[in-house]
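See below for the structure under consideration.
Chain nomenclature is as follows: A, B, C and D, assigned in order of appearance, with residue numbering initiated at 1 for each chain independently.
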């Protein structure tokens, strides 16, 4: 509005421009994310679940909704302890993942910064909500601790659920380690809440491999925290009856079969996808890059995300001992997909291996769709059902391609 | 061709406090109380012609239904009422 | 030390196999080494098979999940072998050449065929009656895992007694995040000892005793072990 | 606060649609004791929409919107159905998210508003059809009551799925022949008011929308109670004249039949003794205030 508005007299709520350096009620100092990452503490030895709690503690989250499902239950319960200590505005247990994601949406519609966690079957039960979040431009963060989703019952890690998430309109990041998870949770809010992005974000990690594994993590001090969410910087109105418009549409296009309706829906979807792309620059500012590369001048490359990167690092080390040189491209973000970065990194590669913790090979397909001469892409190795991916298996796959005879690996059973 | 409601001012008893048609009209802001004449007044472009106002105006019988000119949107007071918006007829079987 | 020591622990739910892996990893962490520990990702129930893994090395460790090819295997309960309460069959499958197996038992549980196979791989097998040791020194069977850790450290020297003591302090000395079953057992073991210091001391004593006798065994071994 | 939130910037006033200008000029935001009596002489908070001619649901919408005690601080949560054709035209912020999760949305929304405006009263009102409330969303409806979420749930009960073309719903009466119940519905109408009472609602009412004063009273009671005590529930019979084969002007008679003795919608009201005292006290205060205002 270009007419001066006396905020106090009118009772109109304006943006709460919280200044960096101010303190919250817990005495934490609002700090810019980049500065936060530059003030690390001595390393801690923590499980991924504890890391989720510690990230939430400094993320100025207003509300979190919990529901038990392995392997995220521990993290969700630990967030509850933070609530009891006064670090969150509200926290409760929802009745199912579908309801939980609805409750998160309601809170985000009301202008809150919202965080929740889910896994495997829960992700799929909640699914109807995810495209709705994106379409409603709600910057909710859900930490997806990937777990198998098929029958027969499994609770093992398997990244198939990420495949289903790909076209929901959410940002999708894939953490390799507990360290990544910590950094991504904090950076995730800052990127997702940018006015030109303003989309939900799924910070994914491989269940158990990250959540239940103790690992070394550099955290930020507990005395600082992210600046709070400002709902009035949203590109869509916050539903709190504090800001115009109070009436949503003059002529709603819902359920109308006409070209205005079609093009409204089409352009809205395009806008969501464009917003995903616009998140790149913010992500690069905070995380440095959408990919991490090592020795991409080598003829053989591994392209991977999540824990598959870790296993690949070890396999590369193993192969190096035998004189086989392999480079690595780690994808930090899956949506946006790092097209340009991947094309550049794989420009000289003769063979590209894509190891995955799922049998669908969705990442290999994404890679194939993105680079020229995609016959170079070897989808695999793939493990499903939550089994680990021994480095020896990755090494064997590459050696077979090179025509180097390998001893048949002993299977676990006999 | 469809019908809209018309209030005959001479019969309307709104000035005596009657608000039945205003109250029971299903559409918002469609029958208003004219602050000067103190009579009920139909907003023609909002009226969907359901005839509920005719049903509730039993005592005064001040409301009648008349067709609307498709081209101009004007009410054709001289014309006889056309078919009602009998939505349920197809299902009435 | 060698580049990497991979330890696989097979036991039964409630024996502290997961805690043992965490303690070893934590001790290595205290020693300035890199380590990763994790349980088998199942819904562990009392007396059902339980497995945990610990990886220790001088460089950043990325490998995670189930340990398929370990250097060291620890068997916390005879039923792992006798009743096949194990996720792997035979329990030693995947063991690396010149590896080490530590079994909590008072009698030899292996068949001739088992012995032959392990001999072929030059794998050393050390039987230790850890439960008796735990009862004798720790005063409770719940300290079996402590004896096993002590034995492992005594033979492999991957962590020192000092570092194990620090890890023990970390695990039982302050508030610890544990899921349902583990939290209940923590309470049980705390109740066994009137005071927390007693718990720490008795457990440390158990570790030290096992460490000493295992060290002695290792010194008498003629076998070349990959783990030392 | 009253109308400041909808004030039009002077520079843009000439391009704002007339319906919005009317809102600014004569709508009843912030008016004490607003109610159905304001209709006809003030701008209503609901604009022309695409519901059928004569639809009782649109009458119900008018009454509800006129009765909400503080529209300037109320947020509605709707669900998929005929109501979602109206909500875009309502001059109160409202949320449509999905089908059936309206009480979950309201739970999150109400809690967020409590976190953000701890010293302000913000009313959250769920308004959804019977399919959303009782069938697909029953879990979330009940759980929000179990959790004692402090908002009002209104169910527009037309005893079938109207928007999709008249299919059987849980609130349909037994024996009624409809799509997906070709031999007549085989089980009884779900007794939602009783379920609401047993599930922790502090105020429950079941009625038709044939009497605007009664609807106003009930809606206000429900919202006042939800502010102080916890969940409240209102079930309103809004027959689908289209699907039950009535003429456009027959909706009122249908409702009057349904609420007459022995009918499915005889006026029912349930409240705890605590709530009864609270509402009586509030009534007395209102009367005293009005009397004082008259004498001034």
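The definition used in the following text is that a residue touches a chain if its C-beta (ideal position, glycine included) is under 8 Å from a C-beta of that chain, and two chains touch if they have at least 3 such contacts.
Because the structure is a prediction, the values reported are computed rather than measured.
Shared contact partners of subunit C and subunit D, listed by label: A.
Comparing the chain pairs A-D and B-D, the larger number of C-beta pairs in contact belongs to A-D. Here the chain at the heart of the shown protein, by mean C-alpha position, is A.
Subunit A and subunit D have Cα centroids lying 39 Å from one another. Here the CA centre of subunit B is 26 Å from the CA centre of subunit D.
Centre-to-centre separation of subunit A and subunit B, using mean CA positions: 58 Å. Centre-to-centre, using mean CA coordinates, subunit B is 87 Å away from subunit C. Touching two or more other chains at once are residues 47 of subunit D.
Annotation for subunit A: no residues touch 2 or more other chains. Contacts with at least two other chains are made by no residue of subunit C. Chain contact topology: the protein chains form an open path, each linked only to its neighbours in the line. The residues of subunit D lying in touch with subunit B in their complex are 22, 36-37, 39-41, 43-48, 51-56, 58-59, 61-62, 65, 166, 212, 241-253. The residues of subunit A lying in touch with subunit C in their complex are 45, 47, 49-50, 70-71, 73-74, 78, 155-157, 176-177, 207-210, 212-216, 307, 309-311, 313-314, 386-392, 410-414. The residues of subunit D lying in touch with subunit A in their complex are 1, 4-7, 9-11, 17, 19-20, 23, 47, 72-75, 77, 84-85, 87-95, 97-98, 101, 104-117, 122, 139-140, 143, 147. Every residue of subunit A that touches subunit D in the complex is listed here, in rising order: 1-3, 10-12, 62-63, 65, 89-90, 92, 94-96, 98-100, 102-112, 114, 128-129, 132, 136, 237, 239-244, 246-250, 252, 254-255. Taken together, the subunit C residues at the contact with subunit A in this complex read 22, 25-26, 29, 34-39, 41-43, 61-69, 87-90, 93-94, 177, 179.
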